[in-house]
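Each structure below appears as structure tokens.
Both complexes below contain chain A, partnered by chain B and then by chain C.
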Partner chain A sequence: MTRWRDGLAQIRRYPSAVVGLLIIALLLATAIYAVTAIPYSEAQKLWRGGDAWQELPVNASPVWTDRIRGGEAPRTITASSDEVAVEREDLGAARLETTTLEVDFPYGDFPSEINLFLEAEFEQRQPFTRVHWRRPDGQEIPIEARRVGERDRFSISQDRQLESRLGFAPQIGLLTDAEPGTAEPDVLQGTYQLVIETVHFEEDARLHADLVVYGQVHGAFGTDHQRRDLAVALLWGTPVALAFGLLAAVGTTVTTLIIAATGVWYGGWVDAVIQRLTEVNIILPLLPILVMIGTLYSTSIWLMLGVVVVLGIFSAGIKMYRSMLLPIRQAPYIEAARAYGASGGRIILRYMVPRILPVLIPTFVTLIPTYVFLEASLAVLGLGDPVLPTWGKVLHDAQAQSALYHGFYYWVVSPAALLMLTGLGFAMLGFALDRIFNPRLRSL
Partner chain B sequence: MSAPAATAASAPGSDSALLEVDGLYTHFELRQWGFLRTGTVRAVDGVSFTLDAGEATAVVGESGCGKSSLARTLLGLHRPTAGSLHFAGSELSSLGRADLKAYRAQVGYVQQDPYGALPPFMEVRRILAEPLIVHGIRRRAERWQRIQAALEEVGLAPATEIAGKFPHQLSGGQQQRVVIARALLLRPAMLIADEPVSMLDASVRVEILTLLHRVQQEHRLALLYITHDLSTVRHYVDRAMVMYGGRVVEQAPVDALLRHPQHPYTEALLSALGDPDAANAGRPRPVPGGEAPSLIHPPSGCRYHPRCPHAMAGRCELEPPPPDFRPRPEHRVACWLRE
Partner chain C sequence: MASAAPVSRTASLLRDLRYLGVFTAKRVIALLLTVLVGVYLTILIANMGGQVDELRMAQIQGEVAEQVRGDPAFQDLDSEEREELMQRQIDLEVERLRLDEPFILRSFDYLRAAMTLDLGRAEQMHSDAGSRQVYNIIVERLPATLLLFGTANLLVFFVSVFAALSLSRRYGSRLDQSVIGLAPTSAAPAWFYGIFLILIFAFILPLLPSGGMVSVPPPEDPWAYAASVIRHMALPLAAMFIAQIFISIYSWRTFFLIHSSEDYVEMARAKGLPDALVEQRYILRPTLSPIVTSFLLMLIGLWSGAIILEQVFNWPGLGTLLFEAIGHRDTPVIIGSVVIFAYLLAVTVFLLDFLYAILDPRVRIDGGQR
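Up next is the complex of A and B:
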């Protein structure tokens, strides 16, 4: 249809529409990347948290924040017993194995945490392990000595005893040669060694060790209080937000339009019932109803979508569409269609609705982000989908963990920026479309 | 597919009359707030006539006399308040859904405003495909073949080029040709043309009327040509009816009507027209002096009596004249003067 073709050709002449389209294309690309790179079930599982994230630091800022500050902050360093040789010594009834894990630490600041993850293989008798820390200056610091379970860990930075011996928190004391009590100790840069001496009491017993020296920054978006990489939520939040916004906008617009057209076409009591329902529905507040359903029943995003669409059907839009459709109903071409036998349904869908679609498209485009924001608001209120990662839930977590108070700005800034970008993209496109399809506005 | 023509020709239970209208009333209730009755518009108020297959009849009358209401009632767009409508022998109000749809295929409709009659957001191809789709012609090739034939028949060539255009890309005359093509697509037996040229440029009026006349002749269509302009009827129709205030006041073969008008209203229309063969025929003419009658509160007795120079006091304002005085063999007149 030329009207559409002309309209689309005109888009190029509106810079705001082009920018809006680019933003939307970017979001779409992100969404497609997210769902292909991380399948739905995988995303749900990841967002539940747990062991998958144990090698990531807690509340780490994005790497770029460190670049801005000068690049001093440590990254996370891991060392695994798989990568080094094991020295064995036979003690008769038992066997001593010594593993030395090396960590090169060139950073200007201390790590946020140090953990040693151990996995022991044995039948009856647990191996006994003793761990030393060897600094680049040769100083040896004993850390811990005890039996090791099948899946075990030495939480070195949580070790209270070690802390009192060192006079610093372990992750600081182990990496400085400063006197205990120094206010601002300096990092001793160089190669550190963690010596793991294990006594095995069984022939086939083995010990596997992973040392993790946690950095202060991680990835492009940082991590949250559960060590989860925010990239997962921000990436996956994109398809969720777009799908919710789009489905809600389509659902409400299409049904509203069809109902308005039905009322106008059949008139009489049908129209009267639709009008009254609309008037009642308009004064029903959407957000409190959603909050109520979320609190009492379920916070599933699909349920919320359903409720939004159902409550959106008899919305104020009906009044607007009705006023646009009433004159169309009188159009001679509709009378002609009746005269050649077109059914009511056909007239509504093929003759009345298409006539106001061009007027509708801009409204529709600007409606999408309002539903994205609605979903985010629900999540911020704690009524986000229980399993899916969304932008709103990131904001909710940030708020619950007082992110701004603790200075974790990145936690709030990235989801907020994405939300604003979405709003901006659709709004810019929508306003341009409005001018294209409703030429009366063009002079404004 | 010659089904419609065949049905029309072999109309059972009638001697060649395709359409029989008997005592037809179409009243509109005026309501306030959806239920309070505030008045009744007696748009069609007791109309009877017959239309034979292949016969062209003009309906003439001034604006607001109920011509379009009559047309819409015949098209099944308004439910008649009373009276009967027989088409090819069957009563319209007794038709079921499917039969009503079949009836609609048999009656083509040409409206006054060609631009308004075409959905502005559809290409001509689509506009013409619609009636065919509605009537279950699924094969695209068949539809296109019929569309092409129809476009060529109404003089729109090349069909492929016209089919790709939107109504606003066509001239008024071309638009009206598309409307006529659409009316012909379903191979109707009857055409109702409601002031088909009154909104067109004077220069194309004759072309369109000639086209209507030609297709009417070629397809042996019954034609109801509605107009307020008596000057356009002479060459195109066989018979003419004059409507006044929702009623038919005179009907006769067109030559007889123009040459020997029997009703004072017809006379007034003709004298306002001057010479019907004048070169500038087609220009809007002044209607007879006085005001058009109200259809909500029509004058008592003969509806024309307040404007009639020959009104007989004590007669015309009291009793409505029956519609079928026959002062001449071909004429039927509703006027006490011709009793």
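Up next is the complex of A and C:
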């Protein structure tokens, strides 16, 4: 054990190892935070998309990109009818309710979209709703008037009629006092009002309204084409990546080592069979086989992990371990173990494998990012786990939506930066460990 | 080794060639056996869900239906009789292909077909020339992959070996330190750097094309065509170079440092031999075989990375083909690609074994006379 403690104590002498350890600690902390903050099932549900995200803008950049550019881009503003008083007026058979939603718009750029979400409660007759937009300069713009269903929405920014009346796309025209046709209209800052007049035909009928003026930036990581907050995928990608990398690295190195030791200990035909299997395995192309299995059976991350481990058992590493183990086989302490009657299994597991474990540690640490990137590679190919959010899947979505072409750099940069961070963290630690545990390199 | 008489030189050359021939033959047989086992495993994996059989059944049914409908001799049969006829023909075909037999017997048939590169017909994809044969589809894409990966591997290999040699001479210098510091960047694969290179050099500064192999439409003039290919190759090459170069320099440097502290090298230095001579004769020559071995391992690693790099750069090679095949769920093409990849790996292993044999004198004196 002292050898291990010495090794760990030496890590402090390598600045790159310390940085690597810090990065790994940070990733681990993120992973633990992600798992506790968003439970597994919750993460899956969120990533499936849908209504949970309807109040987020599409393809919004992270807030920090806006800070760099000068801070003009609008954030998302919501106004709900729950927060304002309703004016009621009795019309005999019907009832007129007027709700005024106020939005304070102080930004220098136009919103990306405007939607009004309506929920109506009624028994038989749908309420009739008329919506006006009131600009800070007092001008009123009628938007739409129609019956409202139980769960309805006015997609104001997609209203073609409104667009032709305004001379601009609605999300621009509603927020400017420029003449129609102006090339670069200016935002009219101030308080806007959306007046919702509803005629209810039933005693208990109610209308609930949410106005969402979508911004151009959102949160620390932005959103994707399905309005999903990338923070969920980037957060949850951390435990998935670490778990996959760690399990695959443990699975392949430990089994490889045990098999190499078995071959060396028993020798003869056992060794020969292991050697030939290794040669066959070198020829089997791992990635195409994974692709084939992903296409024919399932892309579950756990199946992929299993295949990686199974194909990794007879990896080229066996040859290396074998050459390290061969001299150990003749060592006197093994002879002593035989003399007291230790079985083959005991000698392999208790005497041979532990002897070269330290040499294995650096390889093991540097293997982890290889598998993290393998998972990302599969996801980029479209063979990512169907339900789990991972970094690779974010990259895949970005690639599929031509994010770079459209200028959504954040979409590619943040998952890539996390992947790179993971790779660098483990590689830096691994390289330093390599020098610590392999004495031959220490003097270099 | 010192006997230099002309007659015995010819004799020893002949002897060397003979041993080399025997060695080559042994290796070819061994590798064929490994490919055989590898391909058989692939078939087993691909067939686990009975996929291959279902494919063949569908193919037979399609072919029989087409044949019966297209034959004027059967035109005036009513539909019931025609159904019966088709069923009879399908049964015959099933019997001919022995689809009614257990899989284990037939798996050897599949193995023979795959080994002889009879890869069957694609379901949906076709080659640019219009062929539906999986073999033609794959062969059409092979040169693009070989061009890109051959160039990249050779470039990385030679640059890293010579850079490492010169660094090992100046070990401890600032340049040496910075290369070691950069080595962990190789943890990321080439496609990863590819994304950033595309971002920078194709979108932010539009200097180079973001993907493809030649511009559209391809230039008529062969020189212009070559220039276009080189322009398109620049970014993927750079991506592979960045991803590989530091780690290979690092490992070669360590390797050369270990070997340049051997006693015989110290001795040569002490004799006052020039550095270049010491490097060539005392460091490079004895270490050539391990160098070649690690080149082989690097090649194997890069083959597998090919798929994604090609996809990212839209390079029309085997990797992109495999990716498209996934998109179409075109199983015969996927299985065919795996087989071809296995063959490519085997050829790589063989070529390097052969080089190894030429470089390593122990193989030549295999006969044991010395």
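Simple rule for what comes next: the second predicted complex is superposed on the first by the 444 of 444 C-alpha atoms of A that agree within 3 Å, B and C clash if a C-alpha of one lies under 4 Å from a C-alpha of the other, contacts with A are read in each partner's own complex, and residues count from 1 in each chain.
The rule is short, and it goes like this: a residue touches a chain if its C-beta (ideal position, glycine included) is under 8 Å from a C-beta of that chain, and two chains touch if they have at least 3 such contacts.
From a predicted model like this one, the values you see are computed outputs, not experimental measurements.
Of the two partner chains placed by the overlay, only chain B lies in contact with A:A336; chain C stays clear of it. Look at A:L424: by the touch rule set out above, it reaches chain C but stays clear of chain B. Partner contacting the larger number of chain A residues, of chain B and chain C: C.
In the superposed model, A:G251 makes contact with neither chain B nor chain C. With both structures placed on the common chain, the touch criterion links A:R346 to chain B but leaves chain C unconnected.
Shared-chain residue A:P111: touches no atom of chain B or chain C.
Once the two complexes are overlaid on the shared chain, A:L284 sits against chain C while remaining clear of chain B. Of the two partner chains placed by superposition, A:P57 touches none, neither chain B nor chain C.
For the contact definition in use here, the chain B contact set and the chain C contact set of chain A share no residue. Against chain C, the residues of chain A that register as touching in their complex are 16, 20, 276, 279-280, 282-289, 291-297, 316, 366, 369-370, 373, 376-377, 380-383, 395, 399, 404-405, 407, 409, 412-413, 416, 419-420, 423-424, 426-428, 430-431, 440-441, 444.
For chain A in complex with chain B, the touching residues are 1-3, 268, 272, 331-333, 335-343, 346, 350-351, 354-355. Residues 30-31, 34-35, 37-38, 41-42, 45-46, 48-49, 51, 171, 180-181, 183-189, 191-192, 195-196, 198-199, 202-203, 210, 250, 254, 257-258, 297, 300, 303-305, 307-308, 311-312, 322-323, 325-327, 329, 331, 334-335, 337-338, 341-342, 345-346, 349 of chain C are the ones that touch chain A when the two sit in their complex. Of all residues in chain B, those touching chain A in their complex are 34, 72, 75-77, 100-101, 104-105, 107, 109, 111-113, 116-123, 130-131, 134-135, 166, 179, 182, 186.
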